[in-house]
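Here subunit A shows up in two complexes: once beside subunit B, once beside subunit C.
For the complex of A and B:
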């Protein structure tokens, strides 16, 4: 067991501190940003309210106090599991999120796994066939797909597969009355998933390709070739191992990025997920909702980084020893 | 019979700017157990010559003319697969910087074991590991069992170079190419590595092509020496004669 209890405790402290700073930052920024949260709660009726009425409404929502006081109150409530109500939906924010979280996790999670595996395979393939015709074709197609705006691609897919061919549904997460059907869920997922994957895939695949090519020029590759290994074997056994830590670190950070990237697909395909919710909460100053969505994303990033760090230490012992040496100092 | 014969070998690099001749009509032969030192300035084509013999040239480089014979058999036209077999079994190479020549993410033992497995696939895991320890002991690594599990960054430059030599020896090579193996080491360590090479040559009887631009290194180990200049093998012969040439012409 490489990680001592001290390291685990240290990481827990780091985790709590990161969440604390993130919450302070999001709380403060959302409140100093221009806009009025009363619009989220009362809609256009705000314009007809008098100043006194608006002040009373702010007081009811707890928005009249200074930001630090509001923050302390929010922390106290959050510690008891109360994250407040959504101004827009007039419901507990946990309930609002819970109804959509599963959908986003399914879309974003599946998208992430597919991107992770495909990017690695494509990167490996291109590095293996460097500058050959196959590499050039894949690079060309990859660059082209990454240049297509996601909303345009979404509309194109709807036009072809939903309107012309009528093979796949154009919106929603499931058909009415078919909530439990896996096949129906799969059919609804296919188009938004394609958009999410194509929107991100080449960026990561190209990164893997370049990282691997960097490794193939390293001196240890010559020694490995001198042992009698083929170029392909060197790529898989040596270069990939050395390129993996940076790929894992990047993908750990990429998880919330890809999850956030589901927003366009969610919007165009009217897919009920967190992406649209995050956007709406920021746009309409739905503070409580914004706080919870941001915190969840932040926690995902921190967790992702921790997992990547643990995996990296297992792959590359230099990382573990560097951390150990820093701790000793 | 000579273990290696190179006849009229020319190697060129093809860049967008045009062709660059790195090795020009080089011919020499290597006797079994002999140490041939190739000297010359940086960029004169010494390393390219060695890499062209073992066919580890970059894609932009090509052998233009010439023949390479290993134990009397022509290998110039060998495919990559055939060369792989030869590299794993008959040719080995050690490099200038041992710290970058070893894979930083693999334990030294695992890297030697990989070479042992390629040379002797019939060995069991246990036998393979025994051979790793044996090789580490052969190149003078103390506490070989313990050190086999360590990573390259745990080793000093000299110790790492010993590990690279252990990898090279796993193939039990007929020819060992040593591409400036002492350049990145301090003088004390240089002497140790050269003494080790001489000792191993005595024990195992392999021929060595040693590349260096350090005349002291050449004088210490060479049976014969060669001088390269601008891609040409300018002179080859008795070490003393070559040194006289170097001093006389102020190379």
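For the complex of A and C:
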């Protein structure tokens, strides 16, 4: 028990260090990269400004100091919850993000839940019908979907469902004047959600399938079969239970990826979310916005990895024992 | 459980590759010539796959642009493979504190969203162009392969033959070339093929989003970057045809890669 406390403290220290390095990295990279943040703030008016005016504007935004000084000031302000203003939107970055966070959480979160359930079901089905026709068909379709780039799938869906059939809207998160309507929201969500789900689904379903196939070759399956359990019962009761820990830890890592991987769908469908915001802020040197967005996604990734590691150790003590044995050696 | 050799995929891939390499013989029109009188034309006998919004012949563009897309795929994979082998084997071979540090750094780089990393790198390298894009894609896609190489090297470095080579005074690069690389080559071969696929996807996605190749440089991705227009004018051929070529190539590469993946287990299921 003592040991596990130590691991948790160790993990925490590692977490803080990782976040620190991540923030330094993003801060430096974004400022070293060429491009002028004044354009984000003033637009094309910058070209009409004199050198002195530009200097004054830079000083107002605090961009004239050396990078380490800027970083220290940013950390000091961030500690008080002040992340600065977005140059492009001229509002507190927290407000800008808060206005869009819900949309991305809805798209990515819903996508994650669907992927989580469907991948497990598809994996189970394929493992059950291994090398039979049904398995081969599902694997074939799955491989095909995994080969379609997300942006092209989006175009295809828009072409078929919005342009040809005119069933679903092609862009936005809701129609004008129907902000509160749930049905309208759902109609707008359907196509981007399909893209997010199909973009990731087969990768995870195939992993589940292969993991289960490994299990079905273990000796305990033979024993359970000899006891008189049917193949299906063994698959559900024993194989699935053994494969589940690794699946859970895998999905902990997958969560930030799916949530953060919605930007292509968001861009093509003009869906107002964090993904498009991150992309804009990186392209147009909107430093403060960029810092907060990449810190948020970065923390989510690091957090997901941590949970995966803890899950692995907690649910499957064999991994823990194995590392301990390695350390002793 | 022995996988069948993907004969059909390989044949199709060879055909696309040959068509792109010999694009001078395949092209019926000049791919960069803008025939404004015939812009947005549907597929016909004169324009086999139709023309795009700028009046360029799509049939000719496919072969001409495929060369660029495939070139970026292979070049980026070459860069990412070299980077992955170097980082992975150095990390696996180094003492555990250095290994830990290298792996932590890799994890931090991995936690930056790949799109942001691409934008940064592109800004840092500067300019637009085929080779620059290949370098950017290569430098953003070596991480997961490096992890596999590292795990393999960790297991290999304590084997007797590596120890013997070290005792005889073999340097790191000698051991890497003679003893480590031949052993982990099989397990990363699958990832190498998949990296070609991912690099082609990355090129097309970035060009589509307007941060890859400009419209003037023809590739499958930059052809598709005009598709917002095509949606408005309902020119389906502008979207479906380049996309179909793209997906076919990716599918063939995936089948090839899956074939090279180490078979999980050749025993029969006990179910």
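The working rule: the second predicted complex is superposed on the first by the 271 of 329 C-alpha atoms of A that agree within 3 Å, B and C clash if a C-alpha of one lies under 4 Å from a C-alpha of the other, contacts with A are read in each partner's own complex, and residues count from 1 in each chain.
To be clear about the criterion, contacts are C-beta pairs under 8 Å (C-beta built on N, C-alpha and C of every residue); 3 or more make two chains touch, one makes a residue touch a chain.
If you're wondering where the values come from, they're calculated on a predicted model, not measured in any experiment.
*Asks:* May I ask you to decide whether A:218 touches subunit B, subunit C, both, or neither, giving the answer as first, second, both or neither?
*Replies:* Both partners, subunit B and subunit C.
*Asks:* Per the overlay, which chain contacts more subunit A residues, subunit B or subunit C?
*Replies:* Comparing touch counts on subunit A for subunit B and subunit C gives C.
*Asks:* Where does A:242 make contact in the superposed view: on subunit B (first), on subunit C (second), on both, or on neither?
*Replies:* In the superposed model, A:242 contacts subunit B only, not subunit C.
*Asks:* Would you check which partner chain A:227 touches, where first means subunit B only, second means subunit C only, and both and neither mean what they say?
*Replies:* In the superposed model, A:227 contacts subunit B only, not subunit C.
*Asks:* Where does A:167 make contact in the superposed view: on subunit B (first), on subunit C (second), on both, or on neither?
*Replies:* Once the two structures are laid over each other on A, A:167 reaches no partner at all.
*Asks:* Between subunit B (first) and subunit C (second), which does A:143 come into contact with in this model arrangement: first, second, both, or neither?
*Replies:* In the superposed model, A:143 contacts subunit C only, not subunit B.
*Asks:* Which residues would you name on subunit A as touching subunit B in one complex and subunit C in the other?
*Replies:* 131, 218-219, 222, 225, 231
*Asks:* Spell out the residues on subunit B that touch subunit A in their complex, using ranges where they run on.
*Replies:* Touch residues, subunit B against subunit A: 54, 56, 59, 80-81, 84-85, 87-89, 91-93, 95, 97, 100-106, 114-115, 118-119, 151, 153, 164, 167-168, 170-171.
*Asks:* Okay, in this complex, where on subunit A does subunit B touch?
*Replies:* 131, 218-220, 222-231, 237-238, 241-242, 315-318, 321
*Asks:* Within their complex, state which residues of subunit C touch subunit A.
*Replies:* So the residues of subunit C in touch with subunit A come to 1, 104-105, 107-113, 115-116, 119-120, 123-124, 126, 197, 201, 204-205, 208-209, 211, 224, 227, 231, 234, 236, 239-240, 243, 246-247, 250-251, 254-255, 258, 264-265, 267-271.
*Asks:* Please give the residue numbers of subunit A that touch subunit C in the complex, ascending.
*Replies:* Residue positions touching the partner: 14, 17-18, 21-22, 25-26, 29-30, 32-35, 128, 130-131, 143-144, 146-152, 155-156, 158-159, 163, 170, 210, 213-214, 216-219, 221-222, 225, 231, 234-235, 260, 263-264, 267, 278-279, 282-283, 290, 294, 297-298, 301-302, 305.
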